[in-house]
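Could you have a look at this structure, given as structure tokens, before my questions?
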Amino acid sequence: MSGLTIPEFLALASALLALSIFGVLTRRNFILLLIAIEIGMNAAILNFIYFAAFPLCAGHSALSGQAIAVVTIGFAATEVAVGLAIVLALNRLKGTTNVAESTELKL
Amino acid sequence: MVDFVALLSTFLPEVVIAAAALLVFLLDVLGVRRTEVTAGVSAAASLLALLFVVADLGIAPFSAVATLPSGLLDSSPASASTSLYAFTSLGLVFQMIFLSATFLVSLASASRPSAEPGAPTFFGLLLLASVGMLFVAVAADLIFLLLAIEITSVSTYLLVAYRRRDRRTIEAAMKFYIIGALSTVLSFFGASLLFGAFGTTNLYAIALAPATPSAALVLVGYAFLLAGLAFKVTVVPFHAWAVDVYDGAPDDVSAFLAGGTKKIGLFAFFLVFLGPVLLARWATSFSPFGLGPFNAHPVFQLVLGALAVLTMTFGNLLALWQKEIKRMLAYSSISQAGYMLIGIAIGTSPAIAGATLQIFAHVLMKTGAFLVVGAVAALGIGPLVDDWRGLGQERPYLGVAFALMLLGLAGIPLTVGFVSKFVLFSAAIQAEGYFVWLAVAGVLNSAASVFYYARVLKAMFFERSDRPAAPSNAGRLGANGLGYGRAAAIAIIAVVVVLLGIYPGPLLSVMQSAAQHFVLLGP
Amino acid sequence: MVPLAPALAFVSISFVGRRWPKGEWGGWIAVVAAGFSMVVSVLIALGEMGAPGTYTDVSYTWFNLPGSPGAFPNGFRLVIGTLVDPISALMLLVVTVVGFLVMLYSIGYMHHDRGLPRYYAELSLFLTAMIGLVLSDNLLEFFLFWELVGVCSYFLIGFYYEKPSAASAAKEAFIVTRVGDVLFLAGIFVYFATYATSGPAGGWAANGFLFAYGNAPFLAGVLGGNSFLLTVAGLFIVAGAAGKSAQFPLHVWLPDAMEGPTTVSALIHAATMVAAGVYLLAVTSLFLGFTSLDLLVIVAIGGFTTFFAATMAVVNPDIKRVIAYSTISQLGYMVLAIGVGGAMLGLFHLFTHAFFKALLFLAAGSVIHAIGTQDLFKMGGLRKTMRLTSAAFLVGGLALAGIPPFGGFWSKDDILSAAVQAAEAHAAYWPFVVLAFAAVYLTAYYIFRVWFLTFSGDAVRDPSLPAAHEGGWVMQVPLIALSVFAVVAGLFVFVPSFQTLLQPFGVAVAGIPPTYTSTDLALSAISVVLAGAGIATAYALWGGGRVYELAPRSAARPIRQLLLERYYFKAAYDAIGRRGIYTLARVADFVDRYVIDGTVHGLERAMGAVSDRLRRAQTGVVSDYAAYVVAGLLFVFVVLLLVGPYVVNAWGGG
Amino acid sequence: MGIPILSITLASLAVGAAASFVAGSRARWVALATALVFVAETAAMFLGAWGPALAPGQVPVGDAETYRWISLPWLQVNYALGVDGISLVLILLTAFLGLATIVYSWNESHRPGPWFGLILLTLLGSVGVFSALDVLLFFLFWEAVLVPMFFIIGYWGGPRRRYAALKFFIYTHVASVVMLVGLLVLVFYSGSTSLDYSALVARAPALPIVTQSVVFLALLFGFGVKFPVVPFHTWLPDAHVEAPTGGSVLLAGLLLKLGGYGLIRWGILLVPGGFLHLDPIVYVLAFLSIAWGSVVALAQRDMKRLVAYSSINHMGIVLLAIAVHSSLGLLAAVLLMFAHGVVSGLLFMVSGSVHHTFGTRDLASLGGITPGTPFLATMIMIGSLASLGLPALVSFPAEFGALLATYVAVSYWVLIPLLILVVTAAFYLWMMQRLLFGPPRGLPAEGAHDLPFFERAGMAVLVVPIVLFGILPGLLVTVIANSPIRGYP
């Protein structure tokens, strides 16, 4: 298919994941955090799809990689929905979506 | 073609709980908002489900109502390796544990005022989370497992936040959510790498797989998976969220989180490390990244052992001078997770049996402890250790109950907490070699932990209170201000804690045979 | 049966004594009991005299551990028994006769005091223990009663417990003798262990622990005649005896023990208990044997103490203390006798000394009872008002000084002649024998100094003292009886049947028998002349009520000061005891509280500090928590991929 | 052997304890009845069939039935009880101390129910420790002593009681778990799956010397803290000073003995090889404890603290007697434990009485108490003299045996404990001098009353064994010899 080899592909997924983690660590805005997390989920989903298409070994799975990807996307969406609900509540109560300003619970 | 009814009966406990969840939401919509009713539905459903699980386990007087088709329990690994789910005795034991937690929390929450906003939601979410937990216990496929965990997670995010007007609970929910979501990313990423390495996500298939073409993918995959699941188990350093969340969440939710959902992570560990640790597979040489050949099995044990020691030690150290009871309990919960990890690091059937009992003991004691905290808070007494001075003298039954929970957590004999630690550490010593040092670390930690538990006992029994006498809402609720449900739940836990401390034999035998079946699943 | 009577007296007095209306009731019970013991003792002694060469040993198992392989192949058995043989009969006589007389005397002497039931109970207990000690048939039992008499002595010294000086004297006595006691115990261990490990089969049971005749050859055989072990054991025994008999360097406690009632001083600290040390040395030398080095040490201690104590007696202004130093000095003679191989000579001197020294104390007691002071320089002229006492003291003084035919002469002279004989064989003995001779002069001097200061002259020097009078008959009878004994006791040596008491059955080795044969008239002459010179000096300085004052710048003043300060021994011991040990104790206490316990607290505090530091990581900022998760991930990577493989390979594959 | 007297004893104590808890102000009658029943049961044990029926070198025997408690393929735990001479003598000690404590604290008015209940629980735990023949059962009873004592100190104690209770609890608990790990290592490394004592004693001595040594170190620490051995002793003075009188009596009289008993039964009899290998360490610790306890006691002004340090000294002699590894040494160790139990019990009682009567235990501010309180003074005397090893009182034969055995084993090293005996005498005499002699000081203005009847009776209960077994130690020795020590080299 494409010219991507497995190492290259893994590097792509890893880069996405690294980006995601970087985002989680450096962003303070809840919305941006949600986006960063979604990027990470997509890295995993990419992997599933790629390995489904170009298996390293002949395992037989009850779920195909594509199926996993689809289900995962669905679940990620649910998760984001819950996350947005929490953002709304947080914003309503504290007037901010900056996570670093919510530190009533500590030590 | 799948017989739908047969499938339903196979999953009868899950179905009961899910139906109860729907019923609760339905009642809410219909305007039936009396807490007693919803709590009753929730408690009855979990008790019913518990009965089915116990029956399925084949325990004597109940086995008559077993619904699990014969041959499905502890069936051959080959059949499990092609399925999304598999019924193992150990899984059923864990279902038993989870349902106990659900039942106890439901019972205790019956005392919650009906007027409180979101009360029906609370029970609905509780039951939904329980469904996820039950599925975790029967998972055979990594993706199935992760999705089941996800069901629980999402339910509990909302459970923490169900009191929408409370700043602290929302902050807790926010932290819980962010770290949880990050962990989900890590888990799924790890799962994807394993999928790449083995071509399957079935855990039994992975455990039985012949040599893999890519050792590097396997190790990195497991590392991500470990990090992702460690969030649920509150392994140090993946633990930081737990303290704030247990602290900020409503007391009953904390009870459920610490006593219930945390334990799905441990069962997930059992399943995930079935291949690398429990079956003692992969003693063959690994040499990823040109590191030179090494034996992967002991390396996994080393990682888990190191995390176990780290977790129990840090948990205890952090709890030492904690002034707030809830946070102290949270840290204690972290350190207890360390002991449970020992069982997985060793991976022998005695160790798993010990860890399972430890998990059950912790469910009882930690749930009980948080329920008492809730009761005390309901009496209008503050959250600090200092606020609890003289409590044991003013309210001896509450005091004695809490003392029992703490003594159990500390591992003092005649409580189930002692028996579980005893069996667990015995198993570590029985495994010989450097596992003895895990036992030593665990034992020293549990002995040191006595310090902070005894500090609370000291405040409760040996010191006098300086707060005004009458609690604000005494008499508003039955059972001397506690509410009958809560009082009953605490009493049940206290009795069971002592009963199992004195006579743990039968339960231990069940756990031991389950653990044996579990590790013998491999060829 | 002998010890039983006083034991019953002890029990009855201590339990019900306080309920009785008058303290004397207990006193009479004690007197009757002591009298009964005395009668039985006399019968026993007569029995021994009648049948020379017999002894009776009755023993009961006290403590039995059956045999086991290993260190104690024959098991381990301790017995309690009574051994009646000539020397114990002799000693019994001393103890019960003096005991009875002192008890009787006490009725008069003590009747002003409070706490009489306590007094008589303790005195009866003492008598019980002392009789038990004498009749012991083995070292352990001996030690048991040895400690009991020690503790009775402790209580009786501290009888006037309100007086701080009495309390501290009692404590001092106990501790100093305790030093000797533990060394004695070590000596017992050596003997017992020798029997336990290499005694004959069934040795414990048969005769291992007994004071059995013939043990000395056995020990010498097992350990080697002059072996190191035997020497050390002997030295331990000597240390024990030195503690009890107040020999140098453990002599300091006896003068201070005079804080007790004078009767107690007479019975315990002159006639009986302090003599127990000598008795111990005697039985040890007879039954267990000393090596030549031990004997040299014994001679050295005895000879030196004789002189050393006498010098301190020379200047002391306290009537009782002078007699106390005299006791130390006389005990030195007895020890010397044992050292030169004359155990029986020592016992004979013990016998005579008991009577005349008790007499001196009781006479002094009469004086103190009459005028209420012990200061010699306040007394004077009492001859006129207290004729009997004055005469009794004079008899005692003559006996002590060794003027024939009084008791002290016969026994002391025997010792001196035996010492000279021994010194001719061992040149190393000479210095100590010379000191012993010098002490003869000093003895005569100091005792007559006391007599002149007390009784001669015209009147009491301190006019504020009450008028003197003699005590009642209960006090006079003992004085008369003891005076008689002081005169005749020495002459007993010429009674053939009495001699059998001084020749224990079956002992050939240690036998220089105390038969005064006047073979060495020259020596006797020297000692009598020395004693006479002493009396003359005393008369010259103090006779007729004069008081001798040293010239203000006399060279003798520092010496007198040195003697009054008892050669600074007490000060030195106090320094070691109080400053040394107590400082050590306080330092140890400090270390205990702040170093050892401090470490425990430090550990706690360190954990607290770590806990606090770690807790600060819980910032409340969720991004930080995420960072920990990532750090954890890295940690897992490092351990799984780098550290783990290395460790596992290093451990050989786990 | 038909009658399971041990189980009956434990059950009666448990029932008594439970009844006391709910009996309120009538608890003392319940406690007294229980204690008397306990004494009767102890007598029955002595008179019963199995005192003399023991064969030398055998495992203790007792209740015939053992019950399987936990039964896993790899782990069997039994409920098994048994006694031999060592246990019997220590159970006798428990009976004496229990009765004495209950009588002494008859007038305890501050929550008498829990007070007497906890005391009975302590007795229950002690009897259990002395008779348990299974690792887990042993440990259960071991800890069952700890928890009641924690509450006794923490609730009824002196001004710093909370600190002392916490310190006591944590210190000894840490030691306990280390001990448990040691025993478990022994079980599993000897290839056994049963925690039964008989299985253990049959297999453990055959383990390699390295394993035995490591285990012995753990056991030495575990039992040593209870002893307590210097330098792990600092919990003891605090616990004693703060504990109520009854607590101190049980603490010194009973709890310290658990350490000694444990070290003999579960230590040197199980790992003789490791013990011999590490014997020098034991000697050093013993000498250190003996010297340290005595010297530090010399510097104490608080009467209880002084007695506490003297306990360290005496238990050091017990350790020494164990270290000499001979039959005589072990015999003396057990005898000395009994002796120290009753003597220190008495001493703590008199300290307590001094405190109630005069309001202080500070020796420097008291004096001349004899005329006002002659009974108390007599008891102080008897206690002190017994403790400093006066013959005809119970400590003497024990110390004599211990030191003689020491001499046989290590010859002149015996001089160290011997000379320390002088120091021991010194501090007791100092205490007596301060308290009993001299003009009255620091006494209440209206004059002190001599002790109430029940305090006297409690002390009298302890004076009986002090004198009786001082004069006739053979009674105890015959019993103790019915135990494995007879076969000990």
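Lettered A, B, C and D in written order, each chain numbered from 1.
Note that in this section contacts are C-beta pairs under 8 Å (C-beta built on N, C-alpha and C of every residue); 3 or more make two chains touch, one makes a residue touch a chain.
Being a predicted model, the structure only gives us computed values, none of them experimental.
> Give the identifier of the chain nearest to the protein's overall CA centre, each chain being represented by its own CA mean.
Given all protein C-alpha atoms shown, the central chain works out to be D.
> Need the CA-centroid distance for the pair chain A / chain D, whole Å please.
65
> Measuring from the mean C-alpha position of chain B to the mean C-alpha position of chain D, what distance in angstrom results?
Those two chain centres are 43 Å apart.
> Distance from the CA centroid of chain B to that of chain C, rounded to the nearest Å?
76
> Would you kindly tell me how far, in whole Å, the mean C-alpha position of chain B lies from that of chain A?
26
> Residues of chain C touching 2+ other chains?
615, 618, 620, 622, 626, in rising order.
> Note the residues in chain A that touch 2 or more other chains, in rising order.
21, 24, 99, 102-107
> Got a list of which chains touch which?
Those chain pairs which touch are A-B, A-C, B-C, B-D, C-D.
> Tell me, which parts of chain A touch chain B in their complex?
13, 17, 20-21, 24, 30, 33-34, 37, 40-41, 43-48, 50-52, 55-63, 65, 68, 71-72, 75, 78-79, 82-83, 85-86, 89-90, 93-94, 99, 102-107
> Flag every residue of chain A that touches chain C in the complex, lowest number first.
Touching chain C: residues 21, 24-28, 99-100, 102-107 of chain A.
> Touching chain C in the complex: which residues of chain D?
Touching chain C from chain D are residues 56, 167, 171, 230-231, 233-234, 292, 295-300, 326-328, 331, 368, 370, 374, 385, 390-392, 396-397, 400-401, 403-405, 407-409, 412, 414-415, 418-419, 421-423, 425-426, 429-430, 432-433, 436-439, 472-474, 477-478, 481, 486-489.
> Going by the contact rule at the top, pick out the chain D residues touching chain B in the complex.
68-75, 136, 139-140, 143-144, 147, 150-151, 154-155, 161-162, 165-166, 169-170, 173-174, 176-178, 180-181, 184-185, 187-189
> Which stretch or stretches of chain C touch chain B in the complex?
Spelled out, the residues of chain C in touch with chain B are 607-608, 610-612, 614-615, 617-618, 620, 622, 624-626, 628-629, 631-633, 635-637, 639-645, 647-649, 651, 653-654.
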